[in-house]
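Two complexes follow with subunit A in common, the first pairing it with subunit B and the second with subunit C.
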Partner chain A sequence: MAKPILTLHALEKQFGSDTALHPTTLTVEKGEFLAMMGPSGCGKSTTLRMIAGLEAPSAGQIRHWDRDITNLPPWERDMPMVWQSYALFPFMTVRQNVEFGLKQKRRHALPDRRRKAGEWLERLDIAAMADRRVNQLSGGQRQRVALARALALEPEILLLDEPLSALDAHLRLQMQAELKRLHGELGITFLYVTHSQSEAFAMADRVAILNQGHLQQIGSAREVYRAPANRFVAEFVGASTIITGTGGPDHRVETAVGTFTAKAGHPPQPGQLATVLIPSNAVTLSATETGAENAVTATFLTEEFTGSFVTLYLLLADQTQMKVQLQQSELDRITLIPGDTVHAHWPAEAAYVLKEG
Partner chain B sequence: MTAARWQAAWTVLVFLFILTPIASLVVFSFNADRFPSLPWGGFSLKWYVAIFQDDSVRAGFWRSLRVSAIVSVLATFIGFATAYTDYRYNFRGKLPYLAIAALPPTVPVLILGLGMLSFFSMVNLVGTLSAVIAGHVVICAPFAMALIRMRLADMSPDIEPAAWNLGASRWATMWSITIPWCMPAILAGLAITAAVSFDEFMVAWFVSGLEETLPVRILALLQGQVSPRINAIGSLVFFISITLVAIAQVITPRQAR
Partner chain C sequence: MAPSSKPRRRFDGFATFWGAPALIWQTAFFLVPLGLLVAMTFWAVKSYRLTPDFTARNWERMFTRDYFWTGYLYTFELAALVAVLASVIAFPAAHYLAFRASPRARRIAIFLLVTPFFTSYLVRIYSWKIILSTEGVLNVMFGWLGLGPFEMLNNAFGATIGYLTLCLPLTVMIQYFALSNIDRSLIGAAHNLGCGPLRTTVSVTIPAAKIGLILAATFAFILTFGDYVSPAYLGGGTPPTLSILIVDQTKSGNHWPRASVVAVTMVFTLITVLFAALFAAYGRPGAKK
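Entry: the complex of A and B
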C-alpha cells in the first residue's frame, strides 16, 4: 500500500474531564474522499479541528506524509477548511475573500494572484459577483466563495466541516454533485465531516463512523452498509431491522418473535447473545401466510415515500419496529391500512449476524 | 389632551430644563454687555477675542487638546486590548479581570482624584501633564472597551480561525481581519474618550498643578471674577465635546450587518 498522506496516531482530546476523542489511529490515502460521520458530539469536528491545528491534541500525533505536524500552528499547515458557517470575511468582496489565502503566502505576486483567484471564481461559477460584498450573497453562493477561497491555495488536503448543512435540500444535492466532481477533477484529498449518512455515502470513498469519541468503523460505504461492525453502526446506518436472540446450531437464532436462520456475517455461537440484522430491502410482504422460513407476523404502522421507494414500518409481536423498503411498483400488489396484519419473510442468506464482544 | 400629547409636552419640558442653561450660555457669550441680563446688549465677539488674548486660557486650551489627543489613543488601545483578550481567551479570573477593567467609571471622581493625587505624589508625577494623561486614561479606557467589546461580540467566532487556516499568522490576522472589523468601534472609541478627557475636571484639578487644563482654568477664572469670558469658553468646550460625541454616535456600529 502506498504511503498515507495523513496519519492520526493514537490521537486524543480531552476538554477538562470530558473526552472528546479517545485514542484514535487512522490513515488517509492521497486523493481519497474520506467522510467522518456520527451524531453531534461524537468527536468528528474536534478531530478535524485538530488536523487543522485549531485545537491542540491532548496526546498522540498527526503526520502529514512523514512530517510530524502535531504542534505546528494552523497558518503553517496548508490545509484550508470549508466551514459550516462559511466564515467569509464580511467586509471584503468576493474576490478579496478568494485572494486572501494567496496574499498570505507571499509567493504570489499581485497579477499572479489576480489570475489565480479569477480562475477559481470562474470555475465555481461566481465570477459574475466577484466585486460584490459577501453579505449580499445567498447561502449557496457563499458556500461557493468559501470553496473557491480554500481551493485557490491548491492544497493537497481540503478539510470540510459540515459544509452543506446550512443549505436547503435542493441546493445540497446540487453541491454534493459538484463537490464529487471537483474531487474527481482535482485529485485533492478531501476530509469531510458530516452528520448526514446520505451525504457521506453519496460522495465518500470511505467513511469513518464515530460515536462518543470512539471510532466505530472505517470502510467503504458498501462495507459499512453490508457489514456493520457493531450495533451502533447498524442503527446509525439505519438500513436494517435489528432483532436480538440466542444463538443455536446451524446458523439458527432463537428470538422472542420466532426462530430464524441467518447465514450472513458471523456465525451465531450456541447459547450466546446473537444480534441479527434484516436488511429492509430483503424483506418480502404478503397478505396471507406463505409458510416460508424466516417469517414473522406483524402489524402495519405507516409508510413513507421517498422517490421511487416506499418505506413501510411494521410492529412485531415484541414491539420491535421493522423497516421494509419496497419499490413503488411492488406496493401495488398489496394494499395496507394501518392496523392490518401482514406477513413478512426474508432469505436466510440476507440475514446478517453481528460480531459479538 | 390625549396621553400622547401630554407625553410630548412633558418631553419638551424636560429638554428645555436641560438645554436652557447651555443655550443661555451660548447666547450670552455673544452679548456685548458685561452682565448676563436682559435686555440684550447687542451682538459682540469681544469675549471670544478676550479669551484668545488671555495666555492662561490659550495655554489651558492647548493642554486640554494635547491631553485628550494622547488619552484617546492610549485609552482606545488599552480598551481594544482588554476587549480582545475577553473575546479570544478563556482564563482563570476572567470575571474579576473584566470587573476591574470596567470599574473606574463607577468610582466617585472625587475619590479617584484624591487617590491619584496621593499615588502620583509618591512617584513624583504631580503637577505634570503625564499625571493628567495617566489619570484620564484610567477613566476613559472602560468606555472604549465597552464599545469595542460590543463590536467583537458580533464577530463570528470562526472568522479569525478561518484566517489562520488560510495561512495568516496571528499578527497578520489581527491587522487584516480583526482591526478592520472593529474599526467603526475604534473610531467611536477615539472620539468618546477624547470628549471625556477634554472636559474632565476633577482628576485634572487634583493632579495638574500649574499645568492647568481648560476646565481647571475655567474654575480658577470663576473664583476670581464673574466674567462673560466664561460664557465664551463654555461655549467652545461645549461645541468641541458635543462634536466628538456626535461623531462617536454616528459611527458607533449598529446591530445591522
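Entry: the complex of A and C
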C-alpha cells in the first residue's frame, strides 16, 4: 500500500472538560476525496481545523507524508482551506483575494501572481467580476472566489469546511458536480467536511462518519451503505429499516413483529441481541398476504417522491417505522391511501445483521 | 385593483418619538450656540464693551497675525502627532484585549480603562506635574542613573503627555471594539494562506478594522485639538495653542468676537478633519487599481 499523504494518529481534542474528538487514527491517500461527516458537534470541523493548524490538538499526532506537523503553525502548513462562511477579505477585490495566498505564501512577484490568479479566475468562471468587491457577489460567486483563492496555491491537500451548506439546493448540486470534476482534473487530495450525506456520497471516494467525537466508520460510500459498522451509521445513512430482536439458530432473529431470517452481515448469536437492517430498496409490497418468508403486516403512513423513486413510510405493529423505496412505475401495481394495511416482505439475503459489541 | 406600487413615505410616530429628544438637544445646545458664535465674530468691542455690529475686522485682525497662524499650525501638528502616537501606543493593548486576553482579563482591563474618567482630568494633569517637574519623580530616578535632569514640563513634550492622558483610554477602547468585531475566520484565513502574526496584522487585521481605527485616531485628534488643560498646565502655554488663544482674547481686552473667530475656525477645522476621516474610513478601497 502506498504511503499515506496525511496521517492522524490518536488525535484528540479537549475544550475544557468537553471532548470534541476522542483519540482518532486515520490515514488519507494521495489524490483521495475523503469526506468527514456527522451531525453538528461530532468533531468533524475541529478535526479539519487541527489539520489546518488553526486548533491545537490535546494529544496525538498529525503527519504530512513523513513530517510531523502537529505543532507547525498554520502559516507554515500547505493546506489551504475553503470556509463555510467563505472568509473572503471584504476590503479586497475578487482578484486581490485570489492573489492573496500567492503573494503571502508563495511570495510570487506581481506579474506572476496576476497571471496565475487570472488563470484560476478563468477556470472557475469568475474572471468577469475580477475587479469587483466581494460584497457585490452572490453566494455562489463568493464560493467560487474562495475556491479559486485556495486552489491558486496548487496545494497537495485542499481542506473544505462545509463549503456548500450556505448555498441553495440548485446551486449546491451544480457546485458538487464542479468540485468532483475539479478533484478529478487536479489530482489534489480533498478533505471535505459536511453534515450532508448526499454531498458526501455524491463526491467522496471514502467517507468517515463521526459521532460525538468518535470515528464510527470509514470506507467507500458503498461499504458504508451496504455494511454499516453500527446502529448509528445505519441510522445516519438512513437507507434501512432497523429492527432489533434476539438471535436464534440458522440466521434467525426473533423480534416483536415476527421471526426473520437474515443472511447478510454478521451471523446473529443465539440468545444475544441482534440488530437487523432491512434495506429500503429490498422490500416488496403487496396488498394481500403472499405467504413469503420475512413478511410483516404494516399500516401505510405516507409517501415522498424524489425523482424516479418514491419512498413509502409504513408503521409496524411495534411502532417501528419502516422505509420502503420503490420505482415510481411499481406504484401502478399497488394503490395505497394512508391508513391502509399492506404486506411487506424481503429476501433473507438482503437483511443485514450488525456486529454487536 | 392593485394600489399604486409607488412607495410612500409615512409619518412614523414611533421613530419620531425616540428621535425627538436628540434632535431638540442638538438644536438647542449645538446648532443655536454655533449660530450665535458665528454671529459674534462680526460684533465689535468698543471700550471693553461687547457691541452688536456687522464688521469683518475681527476675521481680518486674526487671520493677518502671525501668532494666530503659528498657534494654528502648532495645535494642528500636536493634534496630528497625538492622534498617531495614541493610535500606535493603543494598538498593541487593543489587539491583546481583542485576541489574546481571557474574558476575565478583558473585563478587568475594560474596567481599568473606564476608571481614569472617575477622576477629574485637571487632577490627573496636576499629578503629571509632580512626576515630570525638574525635581519630580522621573528626574530623581534619572539622577540615580547619572542622567538628566530633563526638561519635561512647559514644552511640547509635557503637553503631549497630557494629551495622551486625555485620549489614550478612549483610543484603546474604540480600537478594541473595532478589533473584536472582526470576523475571526478572516484571521484564520490569513494564517491559512501563509501569513504569520505580523503579516496577518498588517494585511488583514488593520484593513478589516480600518473604520474603527480611523475613528479612534479621529477622536484623539478632536480631543487634543480643543484641549486647554494640557497645553496650559503641562505645555507652559508657549507657543499658545488655539484654545489658549481663545482664553487670551477674552482675558486681555474682553475680546469675545476675536475669541469667537478662533473658535469658529477650530469648529470648521474639526468638521473638515472629521469628513476627511469618514471619507478615508468608508471610501471604496477596491475601486483603486
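By our rule, the second predicted complex is superposed on the first by the 355 of 357 C-alpha atoms of A that agree within 3 Å, B and C clash if a C-alpha of one lies under 4 Å from a C-alpha of the other, contacts with A are read in each partner's own complex, and residues count from 1 in each chain.
Methods note: a residue touches a chain if its C-beta (ideal position, glycine included) is under 8 Å from a C-beta of that chain, and two chains touch if they have at least 3 such contacts.
It should be emphasised that the depicted structure is a prediction, and the values quoted were computed from it without experimental measurement.
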| item | value |
| --- | --- |
| Room on subunit A for both subunit B and subunit C (clash or fit) | clash |
| First (subunit B), second (subunit C), both or neither touched by A:138 | neither |
| Partner chain(s) touched by A:100 [first = subunit B, second = subunit C, both, neither] | both |
| Touched partner set for A:74, first subunit B, second subunit C, both or neither | both |
| Subunit B versus subunit C as contact partner of A:174, first or second or both or neither | neither |
| Touched partner set for A:341, first subunit B, second subunit C, both or neither | neither |
| Partner chain in contact with A:90 - subunit B first, subunit C second, else both or neither | both |
| Which of subunit B and subunit C A:153 touches, first, second, both or neither | both |
| Subunit A positions touched by subunit B in one structure and by subunit C in the second | 52-54, 73-75, 79-81, 83, 85, 87-91, 100-101, 104-105, 149, 153 |
| Subunit B contact footprint on subunit A (complex, rising order) | 52-54, 73-81, 83, 85, 87-91, 100-101, 104-105, 135, 149-150, 153 |
| Subunit A-touching residues of subunit C, taken from the complex the two chains share | 183, 185-186, 188-196, 199, 203-204, 207-208, 210, 284-286 |
| List of subunit B residues in touch with subunit A within their complex | 156, 158-159, 161-169, 172, 176-177, 180-181, 257 |
| Contact footprint of subunit C on subunit A as seen in their complex | 52-54, 73-75, 79-81, 83, 85, 87-93, 96, 100-101, 104-106, 131-133, 149, 153 |
